[in-house]
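Two complexes, one shared chain (subunit A), two partners (subunit B, subunit C).
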Partner chain A sequence: MTLVCFLSAIVIGLISTWTQAFGYMPSIGFNHFSVIHWIRLFSYPGFNSSLIATMISGIGATLLAFIFTFFLFAFSYHNQFWRLLDQALAPLLAVPHAAFAIGFLFLAAPSGWVLRLLSPGLTGFVVPPDWSLMKDAYGISLMLVMVLKEIPFLILMSLGALGRIDVRRSLAVGRSLGYETVQVWIKIILPQLYPKIRLALFAVLAYSLSVVDLALLVGPTAPPTMAVQVFRWFNDPDFEYRLLGAAGATLILLLVVSSIGLLYLLEAGVKLIFRSWLINGQRRSRFFLFSTLSNFLVLALVGVSIGVILVLLVWSFTWRWQFPDFLPATWSTQFWRNGVLQIGGPIWNTISTGITASFLAVILVIGCLENEILMLKRGLKTNTTKILWLIYLPLLIPQIAFLFGVQVTLVILRLDGIWLSLVWSHLLFVLPYVFLSLGPIYRSYDQRITDVAVTLCRSPWQAFLKVKLPMLMRPVLFSAAIGFSVSVAQYLPTLFIGAGRFDTITTEAVNLASGSDRRIVSVYALFQLLTPLMVFLSALFIPRFYFRQRKGMQI
Partner chain B sequence: MLKLETVQIYIDGRPLFSSLSLEIKPGEIASIMGPSGCGKSTLLSAICGNLADVFVLSGDVSLNERTILALPMEKRRIGILFQDDLLFPHMNIAENLAFALPSEMEKPEKKEKIREALMKAGLSGFEKRDPETLSGGQRARVSLLRSLLAEPEAILLDEPFSKLDQELKDQIRSFVFETIRSMDIPALLVSHDHRDCPQGQIINLANQGE
Partner chain C sequence: MNTMLKILVLSLMTLGSVAVHADEWPAITKKARGQTIYFNAWGGSSRVNNYIRWAATEVKQKYGVVVKHVKITDIGDVVNRLLAEKSAHRTSGGSVDLMWINGENFKAMKKNQLLSGPFTEKLPNYRFVDTENKPTVLFDFTTPVDHMEAPWGMAQLVFMVDTARVTWHPSGMKQLLKFAKEHPGRVTYPAPPSFHGTTFIKQALLELATDRTPLYQAVALADFNRVTAPLWEFLDELRPYMWRKGKTFTHGAPEMKQLLNDGEIFISLSFNPNDASNAIANGELPDTVRTYVHESGTIGNTHFVGIPFNSNAKEGAMVFANYLMSPMAQLHKAKPSIWGDPTVLAVDKLNAKDRIMFNKLPLGIATLSPAALGKVLLEPDSSWVDALEKAWLRRYHK
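For the complex of A and B:
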């Protein structure tokens, strides 16, 4: 029921956007349906380049992130490099996309830290070269940033899915049949894993094709990606451009849907081509080089992420730093002091919205999961596949394709620009992640423990509050922390539904990154990074402290 | 012949059971019994080469006069059956079985081998079936066939009947034991239920503990 209520908002948003895409928006005097905005869209200067950059960055990032994730599992799973990745996974996930992109920009730009490290000794540069390494016309740099950010997400999703495959014993069976570990991974484990992370992959695809904040930071500029172009049209003072934006937003949705279809076709093709290869009996692999490459990829992933955080830290304490110096000539805490004074409002908005949205999401998710248990007791089985699709839906539909429609509807209802609407819009995206992270653990809880507790304290509520909830405190808090970090990262919902009245650290960091001083931007990016990190750490340490005397709860 | 000589497994410096020596002849099925946690399955993991890093193994294990402890699992030529059949869900029955056959074998020969194996197990015509559509007993039989088609020199059975109901258990047990004896390879069965153990050597690990 919760899900249906939420999904209705998406449906309303989509219908509203679609009607505007066909020229119908009576509130600004467009009373007739027409295709003129579609014609204008296709003939808009730079449309083709914009579409190509969108497809290269979006589809390229998805496919590369997916291939690299499988690559890491096949060649590095459980070796010493994997242990490094395992330890770094939570911090990698906690780094918000925008903060990561800003740091990556400061790292890899022509005046970035990498070139400073090599200059002038190896390059001879005493001034930054005139290279377009970042914000290139084809969206390669955007693709690269998204690949680096999406690999940890796909690894997390895969690790969850692997819990439903008996990896250890499947490996034992495969190896006892004479296959090398890598071959068992490729022929046995990965084909079972893919269907279980397919929806997560589609979510990555939808995100990559429609991302706005990252594209504003490291994407192409003239013309920008489709999503950025549509975002600009939606914000144009000339209302007619909003209809053009609605057509563009609908086109992005079509692009996502057709790309998902393409992935299905690709999957069928791969199955067809590799079916006989799976059972050809070839037990030895010639993949020794790949193993080294995979280990290198782990190091690169962790190394770049550490580099991103370090460069932000260095810039935030910089007073004077000329190219090609490797470190600043003079240091200062000036920008932190200024930042702390100025960031109060955005921080408050971020924390209050994030905590409220994640708290509500946890309550709703627990309600849904408890309802599942109740239905099971009544002999009714829940269709978990259908539920999973419903949960993923807000992540599969590009935000830009329906948020404008939602905004228009809220304006009509006079509900736009109020804090509760903002919380609700964040909740739309927080809820799926809370469900995905809490659901599997909550479902695996042994309900018989609660049944025993009910017989002892004679109240289902007491049993829930005194036994079940404390036992599940760790996963509940962790999923709330995930929800909070999702809320912190929201850019478009904050701008559209908040009607520009609520600045958060993400909107501030993205806006500042386009032209402000690197030192100020670094401070904001670090605030964006530190806020969810503090919540993650609290979610880890509160249960540990609370149950410090309980060995069984120290896992 | 599968031979264990003064085998001991340690965790945190403590032995799981006292030194174990055992010889299993071709066609013989030896049994290891004991309660949960006494190290039965760990011993099988050690023999097949899948021992977790937390354990330390001492002693020697040889198969047909060759020491196998230094070999990786895939080169030991030891098949293993678990209590779960672990059929690969992305392959049909024929593909599950073909997975075990050598790459050098021609396709028609593979097809014939699979047909014969399925016929012997009373599963003729099951080639294209999805593993999900098979009953527990049918899946258990396919799982054994898959292990044996790889032509192992020994087979390890890790409580393979514990999840089956009593009637099915009797039926599958005799199928498994007869098939292994007809292959003339040594087998080592682990169980906590004495009714699962065939006539022959039975070692109780619980009595060996320190």
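For the complex of A and C:
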């Protein structure tokens, strides 16, 4: 039921966008359906290059992120590098996309920190070289940023899924049969793992194909990616462009749908081609050569993230810093002082919305999962895949394809610019992530413990509150923290559903990024990064404190 | 001639209407007290944000109006939201009470009746506005303002160069080409249809066109290809010598300022003649940066604040718009250390005290004197904007 209420918004938004795409928008005098806006779309200058850059960055980022993620599991799982990754996972997830892209730009641009470190000593540059390292025409820099940002998410999702595959025993059995570890991963674990993270992969795909804020920061400019182009059309003062934007938004949706189809085909193809290889019994390979590369990848991932945070920190304390100086010539705390004075309102909006949305999401998800257990007890089968698809829907449909439609609907109902609507719009995106991160662990809880508890204290409620919930406290809090960081990162929903009246850290950061003052932008990017990080840290430490006297619950 | 006549008629109308409506003002301020207005304005510059915060505190104290600055990245968002509200028949209780606009956005709002109607003649401070010598306060990118938006500040296109890195700067578009060939990869302009990008294209067209008269008529009447041929020839020749070989463009002047500071480019542009001085004082640019203009003059215009048709607090919005036009607020805004945005007022219309204060305004280290700023070129007819943007996209979006 919650789902229906939820998804109705998306359906309404989509229908509204579709009718506009076919030229129907009576409020601005377009009363007839036509395909003219589609023709305009396809003949728009630079349409082809825009489409190509979108596909390279979107599909490329998804495939590379998946391959690298699997790579990390196959070669570095549980070695000393993995421990590093394990500890860095929460902070990596907490870093919002926009803050990460801003920092990455400060690091890797031709005038960035890396070249400042090498210049003029090693390179001889006194002015930055005219290299197209960032914002290249094919969207490769955009792809790279997304790959780095999506790997931690896919690792998290895989870890959840691996809980249901007995990795340790698979590895032991495989090795005892003489297979290399890597061979076990590829031949035994991957075929089981992939179906379980398929949806997460699709969510990454939909996100990468339709992302706006990242593409504005590091994407191509002439022409930009489709999503940026559509965003511009929606914002053009000439209202006719709105219809063009609607057609473009629908095209992005079609692009997502067909790319998902493509991944399915790819999956089928890979299955067909490698089936005989999977069972050929060969136990050795030259794959182990990659293991150094994989360990290097872990270091690069963690290293880049640390670099991003460091460069933001240095810029936030800068007064004057010119190329090729390695460090600022003059330092200043002014931007932090101003920032701290002015951040109060946005922080409050961010935290109140984020906490409420993630709290509601956790309750709804636990409700759903308990209901599932109840149904199971009564012998009813729930169609979990169907439910999963429904919950995933907000992640699979590009925000840009339905948010403008939702906005119009809320305006009609006079529900825009209200805090509750804002929370609800965040919940739309928070809920799937909470479900994804909590679901697998919650389902693997041994229900017999609760059964015993019920017999001891008679009340199912008591058993739930006193036994099950504390036992699951760690994953529950962790999933809430993920939900919170998802809420923090929302830009388009906050802007459109909140009627611009609720400034959050993210809207402030994106606003100030348009002013290009790196020092202020860094302060806000760090605020944007620190807020979810704090929540993640509390999610880690609250259980530790709570269970300080219970040995069995300590890690 | 025709334009001058229009201006004259409009100014006369203004004088007449001020007399008629002046008595409405006390009622407006009375009604405004206690209202909260949502002022939608670009929030990308912390010094502009700080100025708005200052002005908000002032009107809170003086008139009891609460001003909330809704920070936005692109006013187009807001125009669109208003359209959504109009299509939902929300004729009152709108989400926006006052907005910072000009040019195309104003034109679109006026055309689609998203504005609340004429109001500036009711504002007491409007009589100080320099309607005689600043024609752009009456014609916003050639669209007649018709009192539907209140002038807030003046803008003129200027260029900035880092004198520590180069020995000379161009004095016109042809020279800019020579400069680019001498310093390959160090010159760029923002991509149209961004505001600054389109302005650069218009400036180049005004400088290079053999005959400017067609530019001040509707584009349909002119032979577009013939008039713009020198422009494309210039841009085509410039492209291979541009930053990133002309394959990547910047989003606007703020990004170019950052690139100028990095030394990635040697020339940047701005619509605020005080921008360079302000950025030097602020640590954003080195103190070796200087401002210059092209010999043939540069494009100038005015930015305004307007009230949407469904504003929930029209009186409060009028009180704030009036305060923004007051000598005190305009003076504070013109200080290079605050914002450095030139005034819309005619200094000789002010009382002696205010006049002296304005004349005593310090000239920043990199600011040109009014004489050195040279001639202001009027924006071409607004119908040219769309045609130029489309032609540019066809050529350079590949």
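What we mean here is this: the second predicted complex is superposed on the first by the 524 of 555 C-alpha atoms of A that agree within 3 Å, B and C clash if a C-alpha of one lies under 4 Å from a C-alpha of the other, contacts with A are read in each partner's own complex, and residues count from 1 in each chain.
As a working rule, contacts are C-beta pairs under 8 Å (C-beta built on N, C-alpha and C of every residue); 3 or more make two chains touch, one makes a residue touch a chain.
Computed from a predicted structure; not experimentally measured.
Peer 1: When the two structures are laid over each other on subunit A, do subunit B and subunit C clash or fit?
Peer 2: Once subunit A is superposed (C-alpha atoms), there is room for both subunit B and subunit C without a clash.
Peer 1: When the two structures are laid over each other on chain A, which of subunit B and subunit C touches more residues of subunit A?
Peer 2: Touching more of subunit A: C.
Peer 1: Would you please give the vertex angle at the Cα centre of subunit A, with arms pointing to the Cα centres of subunit B and subunit C, as a multiple of 10°?
Peer 2: Computed angle, apex subunit A: 170 degrees.
Peer 1: Looking at the overlay, what does A:Val173 touch: subunit B (first), subunit C (second), both, or neither?
Peer 2: In the superposition, A:Val173 touches subunit B alone.
Peer 1: Tell me the contact category for A:Lys187 with respect to subunit B and subunit C: first, second, both or neither.
Peer 2: Once the two structures are laid over each other on A, A:Lys187 reaches subunit B alone.
Peer 1: When the two structures are overlaid on chain A, which partner does A:Arg40 contact: first (subunit B), second (subunit C), both, or neither?
Peer 2: neither
Peer 1: Check the residue A:Gln282 against both partner chains and state whether it touches subunit B (first), subunit C (second), both, or neither.
Peer 2: The first partner, subunit B, only.
Peer 1: Determine the nearest approach in Å between the Cα atoms of subunit B and those of subunit C after overlaying the two structures.
Peer 2: Least C-alpha distance after superposition: 46 Å.
Peer 1: Which residues, counting only subunit A, touch subunit B once they are in their complex?
Peer 2: 166, 169-173, 175-181, 187-188, 191-192, 275, 278-283
Peer 1: Any idea which subunit B residues touch subunit A in the complex?
Peer 2: Residues 45, 48-50, 72-80, 82, 84, 86, 88-91, 95, 98-105, 110, 146-147, 150, 152.
Peer 1: Residues of subunit C touching subunit A in their complex?
Peer 2: So the residues of subunit C in touch with subunit A come to 38, 40, 42-46, 68, 70-81, 83-88, 90, 93, 95, 104-105, 107-109, 112, 165, 184-186, 191, 193, 243-245, 247-252, 254-255, 257-259, 261-264, 283-284, 286, 386, 390, 393-398.
Peer 1: Show which residues of subunit A lie in contact with subunit C when the two form their complex.
Peer 2: Residues 25-28, 44-46, 49-50, 110-111, 126-128, 130, 132, 135-137, 216, 220-223, 232, 234-239, 242, 318-320, 322-323, 330, 332, 338, 407-408, 411-412, 414, 416-417, 495-496, 499-501, 503, 507-508, 510-520.
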